[in-house]
């Protein structure tokens, strides 16, 4: 079974830059070209997906998780 | 009171491209240069932040919200 | 590009039972055999995925989103 | 069946102050004494719980959803 | 004080299958009959709820956290 | 660049009471006067924000993350 399309509006293709491996969860930094997206996933998932630096991945998140802020120039 | 720094690792500066305004929540598309980030926030927040197309904003989300997927070339 | 695998540990295959369509977000009930999973996604996503009653879908969510409760018999 | 305890660390007892009712989701303001907590839940849930201004409720959320920010005095 | 009803639409009763205990968070697998739901909660919560393999629990999550995907047969 | 305003409706100012430091994520208890808010953030964020007991922080979370429950007196 292969996922064809997912409703998460926000999907960014990138490359794993580094993984900080923990006992239960791990922090994965994904280089998406314009910057880094950091993801915290279960260490079990890191192993199941076979993630390591250089792996191609998609970082995805739901629109409801995204907050917006206005800002002032430094 | 001004927020100096926030722990959300994932922060992308961009410009509001369009807003689909709803009764309780609204969908805001933010152009971050490399692509679009879509955010669903309360319509009250849209008004309080004074968001409209062209507004400068930061889209931010916690690392725990980001899922990772591996993929096959089309 | 096709997603091969995703780190969301919780994936349930089911059939769309009904859709309550809203202006910005819609509520989708998915029958997974043992019960119903309700999902609120953007109405844009409902259209892009072509969801309607009877559609086959996977409902998925991250482990970090799941709370646990103990309970007393009624 | 009655829930005895739930792992959501953050639980605040309060009173519904007002409800902004939408087609699919509604915005519920809960007065917790020290301030307001705003919750967006499905309108179906508002009806099932019988929420109206004055209702006693518990607002709860998982620790993984809470971001932290440092700030500068105004 | 006992919770009578909670707005989380998605509630599945099950039995703890195993717990992978970490320093701050733990991964709890819940057998809901039709499959497994994995939850990552604070280790403090695991202890407060007294969770161990065989414990009866309810796994619950908000509708806004559930993503939907279409798929192709393998 | 300084964040002026953020759409997270729920913002509570408080003081860090204690930090349970983990390898990848840490649990931070924030005393907001009326009670405690617990946050799980990456340990990297704890260090970048320079959090320690006594630090002034704002705990913030999106309305979509807040569940509501009705309850019965004990």
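A, B, C, D, E and F are the chain letters, set down in written order, and residue numbers restart from 1 in every chain.
Rule of thumb we're sticking to: contacts are C-beta pairs under 8 Å (C-beta built on N, C-alpha and C of every residue); 3 or more make two chains touch, one makes a residue touch a chain.
Because the structure is a prediction, the values reported are computed rather than measured.
S.K.: If you walk touching chains, what's the least steps from chain B to chain E?
M.R.: So the least number of steps between the two chains is 2.
S.K.: Which chains make contact with chain D and with chain F at once?
M.R.: In this structure, the chains that contact chain F and also chain D are B, E.
S.K.: Could the interface between the copies chain A and chain E be described as same, meaning over half of its residue numbers are common to both, or is it different?
M.R.: Chain A and chain E contact each other through largely non-matching residue numbers.
S.K.: Report the chain whose CA-based centre is farthest from the CA-based centre of chain D.
M.R.: Of all chains, A has its centre farthest from that of chain D.
S.K.: Among the chains, which one keeps its Cα centre farthest from the Cα centre of chain B?
M.R.: Ranked by distance of C-alpha centres from chain B, the top chain is E.
S.K.: Take the average of all CA coordinates in chain C, do the same for chain E, and state the distance between these two points in whole angstrom.
M.R.: The answer is 16 Å.
S.K.: For chain A and chain D, what's the span in angstrom between their mean Cα positions?
M.R.: 28
S.K.: Nearest whole angstrom, what separates the Cα centre of chain C from the Cα centre of chain D?
M.R.: 22
S.K.: Indicate the residues of chain B shared as contacts by at least two other chains.
M.R.: Residues 1-9, 13, 22-23, 25, 27, 38, 40-42, 44-45, 49, 58, 60, 62-65, 67-72.
S.K.: Between which chains does touch occur?
M.R.: A-B, A-C, A-E, A-F, B-C, B-D, B-F, C-D, C-E, D-E, D-F, E-F
S.K.: Mind pulling up the chain C residues that touch chain D in the complex?
M.R.: 20-23, 25-27, 38, 40, 64-65, 67-74
S.K.: Quick check on the complex: what are the chain E residues that touch chain F?
M.R.: So the residues of chain E in touch with chain F come to 1-8, 22-25, 42, 44, 62, 64.
S.K.: Give the list of chain C residues in touch with chain E in this complex.
M.R.: Going by the criterion above, the answer is residues 2-3, 8-10, 12-13, 27-28, 30, 32-35, 37-41, 45, 49-51, 55-72.
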